[in-house]
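Order as written gives the chain letters A, B, C and D; numbering starts at 1 within each chain.
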């Protein structure tokens, strides 16, 4: 039954994306590992984790789009789920260091040692086991999303109010994780990782494997999302986005629809974060910064929300530009980036995908469905 | 109007409002309103703006909680204790004053979403439309005269067609009671005629409450009429009886 | 969406690849210029402090090129913006080394930046010169710490207050991150060893960029009103200092009542506020702009000329880059190669003049020797040196006041060759 | 060169030493605050000339000559001895020393003050008061002072001025002694008290004497009396003194002292709460200022204006520019700098706002979300622009004298700048409410935001109103920037620090409701400050955020929600 439902996710265009990602998962590592250095077709070492990073961002943007593009929930705090997943993975990697820390302490990470912690806090227990850590990667963000959503959606917090409290959520987590007493390494976060599943995180092979994992996970996430949006549930999600109260009079409970999407999205974000950490080699509270979450929204918007491919394109494109500009024009790149956001919003309101697939807005009145998530931003009666 | 409430719950009519009152920050929208609707009956509700027509529907559908009074459905179900989705599943469908369909869905999907069936999230995810469903859907499309446009985006329908689509969605829900708010507002006469026929058709196997200003339309329906004013029943009976009621005339023509 | 978008995805992915590989284009041959990476935040929260360091590096490189470069080759700076985003810092470090093929990198300000790029330098075996005072507890083969370690800043400062000013009661106020946490741990231990009572020490942490200091300042005021002479040892992070000092000034705490000695407040920070109310508050550094030496005068002149602003100040981390850069040049000349291993081998023991009249030596633990100066803030935004150590203090990678790190030593020369050598077990504590 | 007016000046070229007028004003400010610190002692400056010069041969002179030698500690001791001589002629000399204007003429070892004359300096012997010729700058050497010296000097000065002619000086002197008084100071105090006729001064001296007695080995009765006096005085200092004395106190006074300590502590605790509320209000006023502009652009217009913080930042930079110009052009006007800055800041930011509205936002009405993206992009651009123009580092914005310093109301310490900012925020709020409710513009704004089509059909030029509304919101943000420049950093990141809090406040208060913003801001401020002492700053902020999240669950539309059917659906 599940498989049947998932197959629904593999319709025409989804096939393309999945095929492309699987191909990447095979070709990139292959060319990086097998081809000799300097070979024109070889993917240089530094590019492997970099592209892996882009794919993680793409996954995050995809997750956001599921709730925003399809349910009209504009989450300005999705970075929090990403970061939590990342921390769960980071904690596993820290435990893998074992007694190879600078103080040679078998259980305590270095930062705990020099801040005189005498024992491992309870919430660090179990993270030395991979399966447990991976479980937490999904459970922790999922649980937070569930609790948060349960209250928020049931008490019918909508529109900008919801957006702002999601921001409050990630901001609160940011401040909390900055505190050294929290036992997550404070501002420095978790870093200086050594092994993952016994393989050195710095080894080319591991990097290639991580890249492949990212590509495949993104493909999987894409299929899941595609399956959801192509099911009747997907139609219901859009209905909720466009006319929430109407669905109530049809006997649906939109709060549960939202909750479902929110939790699924959070879990995907968490997985993305978990894959992100070993590839960039650090997780620190900066990931909780509200600005990061806003950037994710922008990726999705640039690529084109309300489609599953849009956010992926957006995330990759914006980050490629960012990587490029920060080197090419270190003093000017913010102008370029900022300018791009303005340009896209003004001239490609449906994002790149929308622009290319030549779909127009349903004409004025401009309060278009895609903004339902924020309709109530205006206090004025929504007739 | 002061009819005595039946002693036993099961003797109550399909819809039973008794002494209902509600007010928004001081303003009494509904004032000691009592209204009974028998199974299979179609009732037209008229009344000037602000008479509380829409608020009454809000109360029946659970959108608004009354401050006082009883609201029972099917004799035993106390509607004041339930919220919109629950009430909808008991079998009360509602069409809004301003047609609210899912603009970015096709006509077909709109109906599909409304189609009677499990409402749980999981069920929606695994839902595969059955043959029976498809047949029902075709039937409804026929009834609301939209077969030709089943694949079009609802956003692109004409105002009247949206009205019909929404009625169609009600049918798909297959409720016991339909609440229909101003079905012919902004319709051409031709469309109005169609709608009258449509409603009569529906009324055969559903109970219906129609709120409408258009007296011509109400006359066409030819059913019992209740006139609301300032939140309570002003007059009830045949259209002629009501329209000859001095107070009604005073309310409509007076001041 | 039609299949066209499907194709489009491929297009973008391809574009992504292309764009990224495009940079690989430039690779340096031996006769080409020597590339030097500059890895600082030019935007985001840390830009305030780091932009200056980028500029000073550009100046130093320009000067070196005028002197004919290194090994007869010109130097070419490669500037990147890490935008106060630490994962990005790691990415950029990797790019500098692998793509731009720089021979040495000067950069980072925060500990988290250093921590995040450190594995990269280790893996790709390149060189990082880190110019900021930090919490210590680290020594890595590929990193050279040209800023002060706690024993080159915090402890002398406390000594001064205890012996020269007769302070008996201590407030350790800091921003809640690793540098203050560690420094305060060390100081707390140090003070207790010096016989200061538990309840004569007050420790307080605030978040980054904390702006509302009313409560804390009034707490300090209360704590200081016990009659015993009280001082504040501030490890408050650069940005939060302006509102902090303003609040001090406004609540009428002046340096005579409760002096504040800061480790993160230099000329650059003071340039951001009216220092009149702060006269007499202290800072401990290894360099002050006001130090009167020919080297310094020359440096300042060059700097103001380079930046084209008479009012621009110099500060300690700038000197650290000055020293680090010169040490690298020396080492390269000595090794007659820019190869990291050769440099690492030759740089230990290299001695270059610092700007305060002495010289700095690169020690075996990759830290350097520094004088420690205590300056009092003047109303022109400068510091007046009121005390300095008689001789140079050697940077200590592992503090002796933290139980776990007391036995550790760092020595990157034979035979030890270890960043965390345990003198008790006489083994290299594995790991780094 | 004017530089020698500068107390901290070293006779060595300072490359970045601000030259000319700009230095004058800094020095002026310095003097002004030095006055505060010295407790109005400058009123005595005139007396300098009339003072009988110190006998150059006498023992006092010898002490004076020891001033330059030895460690700070030794020299501190010397000052102590000087004070002990009770020779009030030393006062001006000591003050010159504290100001760092006392020099040693290296060749003769004479202690001199100097007046610059071209590259040279004219030295005046402080003992004789006679000019002793002109020397090269390097012939003299400043006598260094540090905090220890400053403290000693103050103690000494207070002792020596205890019998000055001016009561204000005597009070200041006595106050200065309060902490340091001990058995030795009793005779001096008695002497002073004997001839003191001014009651207020007497009272203060009595308190000081009480401290001295408490620390002496006086009899129990006398000590008990002293204790009472101190308890009567109250305050933290008294508390500290009593606690200190507790150790050495004899059994029969100890209980009294303990009781006193308890009483003072109770008192302080009470005031403490008040103080925290005050801090809360002050924090609230800052939040209000930061948020109020947003309450217009976001609350009223529904534009999610991510560039709001940058508007605040621009306001702050305008203040900086204004002050720079004043510093260089008309230093005398410095105290009025804010008066110039306010309208300018409003104008500048309002214009920028209008430009943004016309250039970008007007294309995005009804799509709040796009405004979020576009304004976010704009905020990046504005930040980087400012960074490019003014540089990334903080810029100095000074407090005008009337915004510096603090005063006490009972146990409350009220700092002037905070007070002014609270007042200012309320004024801005009041004006805004007036504009919205009473003016044509306000009427039009509300009309347009409630029903654009209807408004325009009634002949309101909606585009113009939009521009004006956004301009107003931005302008108000600019005003906030002026105020915030007085308490925090002026850097390109200034805005980022406030944007999130601003949104919290507006949403907490209820979007589209100015009063909500007012109440929201102060509620959050006070709540935060009441928590802070117990939880610490970080946790307090976290808890506030959590509280907001929970609150929104209870009231999904904020504190002052718009009611009725309208907001549904």
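The working rule: contacts are C-beta pairs under 8 Å (C-beta built on N, C-alpha and C of every residue); 3 or more make two chains touch, one makes a residue touch a chain.
Since the model is a prediction, treat every value here as computed from it, not as a measurement.
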Once you count every C-beta pair in contact for both, which comes out on top, C-D or A-D? C-D
Which one of the chains is farthest from chain D, going by Cα centres? B
How far is the middle of chain C from the middle of chain D, if each middle is the mean of its Cα atoms, in Å? 30
Give, as an integer number of Å, the spacing between the C-alpha centres of chain D and chain B. 67
So how far apart, in whole Å, are chain A and chain B when each is placed at the average of its C-alpha atoms? 44
What residues in chain B touch two or more of the other chains? 63
Using the touch rule from the top of the page, what residues of chain C touch 2 or more other chains? 42-43, 176, 205, 207
Contacts with 2+ other chains: residues of chain D: 383-384, 496, 538, 541, 568
Under the stated contact criterion, what part of chain A meets chain C in this complex? 12-13, 15-17, 20, 24, 43-47, 49-51, 53-54, 97, 99-105, 110-111, 113-116, 175, 178-180, 186-189, 191-194, 202, 276, 280-282, 284, 286-287, 307, 309, 312-313, 316-317, 320-321, 323-324, 326-327, 330-331, 333-334, 352-353, 356-357
Help me check something: in the complex, which residues belonging to chain A touch chain B? 1, 4-5, 228, 231-233, 235-236, 238-239, 242-243, 245-253, 256-257, 260, 362, 369, 383
Give every residue of chain B touching chain A within the complex, in rising order. 61, 63, 83-86, 88-89, 93-94, 96, 98, 100-105, 109, 112-114, 119-121, 124-129, 153, 155, 169, 173
Of all residues in chain A, those that touch chain D in their complex: 74, 148, 151-152, 155-158, 160-161, 164-165, 167-169, 171-172, 175-176, 178-179, 245, 290-291, 294, 297-298, 301, 331-332, 334-335, 337-342, 344-346, 349, 365-368, 370-371, 373-374, 376-382
Show me the residue ranges of chain C that touch chain D in the complex, using the header's touch definition. 42-45, 47-52, 164-166, 176, 204-207, 209-212, 214-216, 218-219, 221-222, 225-228, 239, 242-243, 246-247, 249-252, 254-256, 259, 268-269, 271-274, 276-277, 279-280, 282, 289-290, 292, 297, 300-301, 304, 310-313, 376, 378-380, 382, 384, 386-387
